[in-house]
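Down below are the structures I want you to see.
Next come two complexes, and both contain chain A; in the first it sits with chain B, in the second with chain C.
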Partner chain A sequence: MRRTADAVVIGGGVTGASVAYNLLKLGMRDVVLCEKATFCNGSTGRCGAGVREQWGSKGNCLLAKASIDMFEQLADELNYPHDLEFKQKGYLMLAHTEKEWAQFQKNVQLQNSLGIKSRLCTPEEAREIVPALNTEGMLGATFNGRDGHANPFHVTRAYLTAAERMGADINYFTEVTGIEVSGGKVKAVVTKKGVIETPIVINAAGPWAKPVAEMVGVKLPLFTQRHQILVTEPVGWLLDPMVMSFSIGIYCQQTPHGSLIMGIGDPHEPKGYDIGHSWEFLRDMSRIITRLLPALKDVRVVRQWSGLYTVTPDAHPILGGVPGIDGYLQAVGFSGHGFMLAPAVGQIIAEMALGKVTFLDVRNLDVGRFERGEYNVEPSVV
Partner chain B sequence: MSRTDDDIIVCRCEDVTLGEIRRAIAEGATTMDEIRRITRAGMGPCQGRTCRQLIALELARKTGKPVAEVLPSTIRPPMKAVTMGSLAKIGEEDAE
Partner chain C sequence: METGRSSCKTRIEDHPILDFPARKEVTFTWEGQELRGYEGEPIAAALHAAGIKVLHTSHKSKRPRGFFCAIGNCSSCLVVVNGVPNVRACTEKLREGMRVQRQEGTGPAPRSRE
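Moving on to the complex of A and B:
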């Protein structure tokens, strides 16, 4: 491991990987990444693998749209030997309540105004998109064909291997235990394998972002929460898009591999770091999804696991620096959608680190917004 | 083992060959989980019952560690693949 760097990135998930790659792409020379386990060990490797532009706020819409533009070019840009399993067969968002349907009409209006080509669908139109769907009790849906799926392991590794080829020093099983700050400036990162002198450190530690921020005395308004998920055996074609419902609190998508990945957002889930799994989840998930997609009753579940959402008060990430600590940047609190925003976030954080103007204006996503009371809660989250 | 063994299927569920396992190790994988994430070996219906030992052996051989020191992959439920239709009925008999 190197002992000096131009920047140290903390976290080997997709955000850290994208930040490291973008720093080198923009011309930084000496980039070191420290990960306490191995790639995709936190939230990235446990996520639902969906990518979508259909959000309920301008900030999330723009970050997601820019990211999907980048996902479309990623395999070529990163020159990666494996398939990234990027597919764009859409997201179908189901509305079962009046409140939800009203929100969707607002969302589509906002999305269209930002160049996102989502549209409202009747239940009949939704069935044309997903013939297996039970539309009983459904008021309508929204659909956007540019949304879809990518393999989080391979996307992350594609960034990491590209960064490595460009000269990054990627260190697995290298836990960061401290950050040295003096005179209001970042001086060094302390790891279990030694100290790295650096003027810049980027906190991309996912569920551990809060303890990492505390190393520089920053208190982040974050909490972590378990989300459970399962995958089935691969089967023949069943459905094209991700099927998602906010009022029921579920999502389900068939991957290019043929397996179906699905999960529940349980509002009663306690906060904390528990990533165990429960049989109740298998039962509840199966009950809900076999009502919505009855053909799934004969499909076998092969594996269940869980991961952590790292949630902010408004379900938008916290991006950028903190007044008074020169050289400290953070890309944290993705609230369950870090994977799909990582391409754009990586570029933005790299631009900030190099003192450039960011390609998207994210000044309103700083940590200070919570104290100023200048934030709006994202409505479209499972 | 020679290079001609590369075509041997190690993971029958996901059609992963010994050559693919070796390539993942050559690309830097040092743990069972990393190999699983790169190749899908062990992610299929049998959840690695057959390939787990074979991969651990290959990893031990390539890294020069004893098999016992190779970091195992996480074993996750259900222990056997179960249909969603059966899972949806859990507890129904008790309720009657």
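Moving on to the complex of A and C:
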């Protein structure tokens, strides 16, 4: 491990990997990444693998749209020899309540105004997109064909191998235990394997972002919460898009491999770091999904697991620095959609680190927005 | 692909310590062809006795797959039975009139029973 660096990235998930790659791409020479376990060990490797532009706020829409633009070129750009399993077969968002349907109409209007080609569908049109769908009780849906799926492990690995080729020093099992700040400037990162002198440190620690921020005295309004998920055996083609419902709180997608990944948000889930799994999830998930997609009744579950959402008060990430600590940047609090935003976020954070103007204006996503009271809650999350 | 058939006899009729009580013979089909086997034996046993060893093809490369773990664990012997994919030939019992087909990759999509 190097003892000096131009920047140290904390976190070997997709965000840290994307930040490290983009720092090098924009001309930084000496980038060190520290990951306390191995890559994708936190939230990235446990996520639902969806990517979508259909959001309910301008900030999330623009970050997601820019990221999908980047996903489309990613395998070539990173010169990655394997398939990223990036597919754009859309997201179908189901509305079962009047409130939800009204929100979807607003969302589509906002999305269209930002160049996102989502559209409203009747239940009949939704069935044309997903013939296996039970549309009983459904008021309508929205669909956007540019949304889809990518493999989080391959995407992260692609960023990391590209960064390594460009000279990054990637360190696994290297837990950061402190950040030295003096005179309002970042001086060094302390790890269990030694100290790295650096003027810049980037907190991309996912569920552990809060304790990392505390190392520089920053209190982040974050909490972590378990979200459970399962995968079925691979089966023949059943559905193209991710099927998602916010009022029911579920999502389900068939991966290119044929297996179905699905999850459910439990409003009663306590905050914390538990990543165990429960039979109640298996029961509830099975009940709900077989009502929406009755063809899944005979399909076997292969595995269930869980991961952590790191949630902000408005379900938007916290991006950028904090006043008074020169050289400290953070890309945290993705609230369950960090994977799909990672390409754009990596570039933005790298631009900030190098003192450039960011290609998207994310000044309103700073941590100060919560104190100022200048934030609006994203309505469209599971 | 080769047919996966061999003419070698695979049924053990005499064994030093195991007895094979007489069982009822049943008729089933493999890829539309009528075959006979014993009721209640694993589908894979009846197919092997008929010299049929390629039961499934792999997802990506379409390579031949057959009887392997014999305990319903490995997904190597998946076949389509009466239109239902992902049936483990090594643990599913043979019944009169079963329509058994080789499963190509993931096989047909699951269908709603409703």
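Please note the rule applied: the second predicted complex is superposed on the first by the 382 of 382 C-alpha atoms of A that agree within 3 Å, B and C clash if a C-alpha of one lies under 4 Å from a C-alpha of the other, contacts with A are read in each partner's own complex, and residues count from 1 in each chain.
To be clear about the criterion, a contact is a pair of C-beta atoms (placed from the backbone, for glycine too) under 8 Å apart; a residue touches a chain by one contact, two chains touch by 3 or more.
What you see is a predicted model; the values in this text were computed from it and never measured.
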Considering only touches as defined above, state whether A:Gly45 meets chain B (first), chain C (second), both or neither. first
Who does A:Lys210 touch here: chain B (first), chain C (second), both, or neither? neither
Give one of first, second, both or neither to describe whether A:Ala132 is in contact with chain B, with chain C, with both, or with none. second
So in the superposed three-chain picture, is A:Leu296 touching just chain B, just chain C, both, or none of them (first/second/both/neither)? both
Of chain B and chain C, the partner touching more residues of chain A is B
Based on the superposed arrangement, let me know which partner A:Gly236 touches: chain B (first), chain C (second), both, or neither? second
Does chain B (first) or chain C (second) touch A:His227, or do both, or does neither? neither
Partner chain(s) touched by A:Gly258 [first = chain B, second = chain C, both, neither]: second
Just to be sure I read the superposition right, which of the two partners does A:Gln304 touch: chain B = first, chain C = second, or both, or neither? first
Chain B and chain C footprints on chain A meet at residues 233-234, 257, 296-300
Name, in rising order, each residue of chain B that touches chain A in their complex. 27, 30-31, 33-34, 37-38, 40, 43-45, 47, 74, 76-78, 81-85, 87-88, 90-91
Chain A residues touching chain B in their complex are 38-40, 45, 82, 153-154, 157, 161, 172, 231-234, 257, 277, 279, 282-283, 285-287, 289-290, 296-305
Within their complex, state which residues of chain A touch chain C. 132, 233-238, 257-258, 294-300
Chain A partner, complex, touching residues on chain C are 59, 75, 84-86, 105-114
